[in-house]
Amino acid sequence: MSSLLIRNGTVVTATDHYRADVLIRDEKVAAIAASLDESAERTIDAEGCYLFPGGIDAHTHMELPFMGTFASDTFHSGTLAALHGGTTTIVDFAIQTQGDSLEAAIQEWHRKADGHAVGDYAFHCAVTDFNEETRKEVPRVINEHGINSFKTFMAYKGALMVDDRQMFELMKELVKYGGIITTHAENGDMVDHLVQKFLAEGKTEPRYHVLSRPPICEAEASGRVIDLAFQAECPLYIVHMTCEESLARVKAATLRNQKVHAETCVQYLLLDDSLYFQDGFEGAKVVMSPPLRKKKDQEALWAAINQNLVQHVATDYSLNVRSEERR
Amino acid sequence: MSSLLIRNGTVVTATDHYRADVLIRDEKVAAIAASLDESAERTIDAEGCYLFPGGIDAHTHMELPFMGTFASDTFHSGTLAALHGGTTTIVDFAIQTQGDSLEAAIQEWHRKADGHAVGDYAFHCAVTDFNEETRKEVPRVINEHGINSFKTFMAYKGALMVDDRQMFELMKELVKYGGIITTHAENGDMVDHLVQKFLAEGKTEPRYHVLSRPPICEAEASGRVIDLAFQAECPLYIVHMTCEESLARVKAATLRNQKVHAETCVQYLLLDDSLYFQDGFEGAKVVMSPPLRKKKDQEALWAAINQNLVQHVATDYSLNVRSEERR
Amino acid sequence: MSSLLIRNGTVVTATDHYRADVLIRDEKVAAIAASLDESAERTIDAEGCYLFPGGIDAHTHMELPFMGTFASDTFHSGTLAALHGGTTTIVDFAIQTQGDSLEAAIQEWHRKADGHAVGDYAFHCAVTDFNEETRKEVPRVINEHGINSFKTFMAYKGALMVDDRQMFELMKELVKYGGIITTHAENGDMVDHLVQKFLAEGKTEPRYHVLSRPPICEAEASGRVIDLAFQAECPLYIVHMTCEESLARVKAATLRNQKVHAETCVQYLLLDDSLYFQDGFEGAKVVMSPPLRKKKDQEALWAAINQNLVQHVATDYSLNVRSEERR
Amino acid sequence: MSSLLIRNGTVVTATDHYRADVLIRDEKVAAIAASLDESAERTIDAEGCYLFPGGIDAHTHMELPFMGTFASDTFHSGTLAALHGGTTTIVDFAIQTQGDSLEAAIQEWHRKADGHAVGDYAFHCAVTDFNEETRKEVPRVINEHGINSFKTFMAYKGALMVDDRQMFELMKELVKYGGIITTHAENGDMVDHLVQKFLAEGKTEPRYHVLSRPPICEAEASGRVIDLAFQAECPLYIVHMTCEESLARVKAATLRNQKVHAETCVQYLLLDDSLYFQDGFEGAKVVMSPPLRKKKDQEALWAAINQNLVQHVATDYSLNVRSEERR
């Protein structure tokens, strides 16, 4: 029976902070007290330090194959990095290969993670091909795998995207079993047109990344999935919201008594799209989808956190490299 | 040179009404006067009558083949009926056959109408298959055929529906040449799912028509096409709006300085969905898409006319029968 | 019997324009025709000219005493100036003196106008002191004087302003007799505080005029009177709307099926608040209440006209001078 | 040094619940542990019980004189009752007498509470007469009395109500010293008119209470104070929100990045206005301002709690009786 005593730190909880000693036995908090009259195998003096619960990053992509690249971090290196920042749990995405089963995806992600990760982890299940076979898998994913968050993509047509009918039918299925729909909201058709238009015009500098994904692409898709979820009466979590226009759709939904769970990511709170307009290829470092937005959008995001309408700050961490550069 | 003198009627214009004599020469109004000191080949005494400009029905479907049925009226019988109600112009839809050209559709509709119609007529051009060939036809349709309204369907997937990319690219093309996008706004995917669900459950009574097309199907699609048009900077005309939820999207667009042209039809102003819930097959008489709505929606439509936000009242006239019953 | 024939002009109506001859007998349009075979006492060749109906300026202030100044134009000079611009009718405001009757105000304005004006004129009746006596005057003002528009001020506390109770009771009275409430919407309390704050700080340059009347003063009051009118079920006309924030309140009202009549003035469409920030006293030339706004507000106003949500463009004409400079 | 050990209870925190032993020394939690190896002066076995932090009722009125009545509970009886329900802290209102100082009110409330209350208590400071003297008291109330919440009434004209100017100036003052404005939002003028109208018509049954305070009275005032606070950049807490229409104003404010703290009360979540329409005088039992609303409003309130837009549930506890019936 292992034990650890952390003395004199300032404990920070969801609602409070206070000075206390914390005793951990077998990886569980066993006691919090003003002063503990206990001994432990190991004692740490946390005088002058904050003592937080471990952070949860609800949106990561370890070892993700994506458009000919790979996320460079493994579950080992990624969870190790996370631990260094105080994040003890990541929630990654087990992504279905079109034509294959959800089960296969979950198994694959377990192979990537199990025995390799050095922190806690859980999975969302990303549904890229919702059909009659997939439909039958839903209860097992929830009840046996303990995964109740089902991710869909409204962008990346022909690769990851589902259409509205697949989305709506998945929602109706999730309602039966207590699941939640989790969505990447960008209008894939609008994005695809703009990307190909710019490519055809030879406009391939990093700035065209943001120009090919204007806020309304995200706002439209956000509004649409909110409508679908309202009709299906399905709980909804929208990942990586970046802009005022999208937030406005979440806010409009409040008027019909609908709650939408909204996530943003640290980069959208701290960086802005001027980075895409730097000279040369420098802007490529911050190419991500959805792209960085404007100062006004940062203000709207911070306000939405303050208004309790954005409840999750994650990372969407995925540093992608070409195959030959994989760690 | 033909001439007609209508005496003593009460002339009604867009802004006024007054008693006057009206002289028509060669089918044009030649004079309006308190009292005309003229003679004509024919004189009508309109004492006690209103004298209107001819009505325009901006939404009709003569001889429309649709899901194995045909609109029962020809351009002859349809325009004759219209004239009896004071409607002297109809605007019909020349509907592209998928795989075929816009030109072919326009030619076909001219064949149906030319020499048969007894009133004035014009066409919207309905685009069901927007591709590189179709794209090239746009300027000619506008400049040679004088048709600047291009209709798209967001419902009837696999038959008439275009996807968002086709819609958006068509809009961008229309902007170049001064066209306007005209849209049937219903979320085809959501409708298709509900229709097949009810069919699978053996629910085929008329009431399931309205239950398979809830207001949010229309509101979502209306909001989406408004977003697409806003981004494309394309004028937009939404046909047959039926409900408060859709109107709310038009109203929301006003906040970003966007104007949307909205049409409703007489049936949505006068009838409500209780008709679908009559005994037996009686409700089938009012099966139309979108379906009739509730009293609150009628109130919202009348208010929107009063608020100047619905500017067009048309009919979407199309009384469909099986082929063997065609006139 | 006087007669006037205007030949060859281009007649412009609310919906159309066409070339025609127009015959006027006894100050009324007697005939409009492609070609009139008539003679008249006087004939004008309007070749190359537009022929409009006379304009109506629904918001003017002739000979208005205001805060120690006087509107410099009399009904004679003002209507003469109006005629030069094609405005043949002005609607002025007969303003009640607090403690005195509506009747007295109407009589006074008739004295100012009757026999002096050289164009047509009508009155709004401005209610600055709504009490039991005033209440009794309402039906007579409407039925005998033919004035159905009752103006109230939500600013100028202690001088012209009525409180919400007076406003609401007046509305309820107007509903009985078919009147309409017409309102100057600015939050008088907020304005007064800002004015006195700037005065106390010695900030008296023209720019402090606009800084003492921020858009939210107007938006708040607009929203409030819209709420009051909604509850009272009274038709509402808001004068001189200047900004996006106020228009947003009109637009929000459309969602509950309420119609608000909104007026803007030419100056708000054409000038902006940068004029207040000119050097010296130059900005004083455009001191008016509400003040000029920003470019974005001009865009919103033009869009609102296009959206049919602003239906009236007037002038609020009142060039005020000190008493000794009166014409 | 007193000590208390509570064993085996289920501890409920803001985010979690778990079984634990809790040791309390000198009225403070000294230790929380899975199993505490300690002894205490007193030990309670809480097996099968929940162990909560003490509740805070942020809105009570002990011994409040109001319109000729008195709140029947003293600080002793009221805090005792609160304790029985697990509420260990109440926040009462020290209400300024018009013409007197804030200091006097705070002193008076301390006299009522100090030495009598058997639970914890704090005060809001209710400002009914904001003038130059009151202005000077603000920093002392905050810094010396530790009261940073300043309550205003938008209803009860002539008794408690402040006008918009007093409200706005108070807000500006609070911003300087870190205060928050706390508001009873009802349009006093609209209410007063309706009350007197019903009285004049002899309509005095309990149902006329709710009819004299329609939702728009509350929504208008809520929207107005939100506007004032936005302009003043002052934090705002609106007490006892009851209805969908008011919540819509809070939600609209989110669009401009404004956060409003909204409170509702248990009675608005659990009871509805049908109680006013009972036979006889029964409805008088639930006469309160604002009044109970409809089922749809309850739904909107619960949803707003779920959406994190209503953050406070209080009681506005004040059971008023005639003076001679005081305890």
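Couple of notes before you dig in:
Lettered A, B, C and D in written order, each chain numbered from 1.
As a convention for this text, contacts are C-beta pairs under 8 Å (C-beta built on N, C-alpha and C of every residue); 3 or more make two chains touch, one makes a residue touch a chain.
Bear in mind that the values here come from a model prediction, so they are computed numbers and not experimental data.
The minimum number of touch steps linking chain B to chain D comes to 2. Relative to chain A, the chain whose mean Cα position lies farthest away is C.
Chain geometry summary: the mean Cα position of chain A and that of chain B are 45 Å apart. Chain A and chain C have Cα centroids separated by 55 Å.
Distance between chain centres (mean CA atoms), chain A to chain D: 38 Å. Not a single residue in chain A touches at least two other chains.
Chain-to-chain contact here is organised cyclically: the chains close a single ring, every chain touching exactly two others.
Every pair of chains meeting the touch criterion is listed here: A-B, A-D, B-C, C-D. Those residues of chain A that touch chain B in the complex are listed here as 163-165, 167-169, 187-190, 192-193, 214, 216-217, 219-220, 223-224, 227-228, 230-231, 252.
For chain D in complex with chain A, the touching residues are 13-15, 23, 25, 28, 30-36, 248, 251, 254-255, 257-259, 299-300, 303-304, 306-309, 311.
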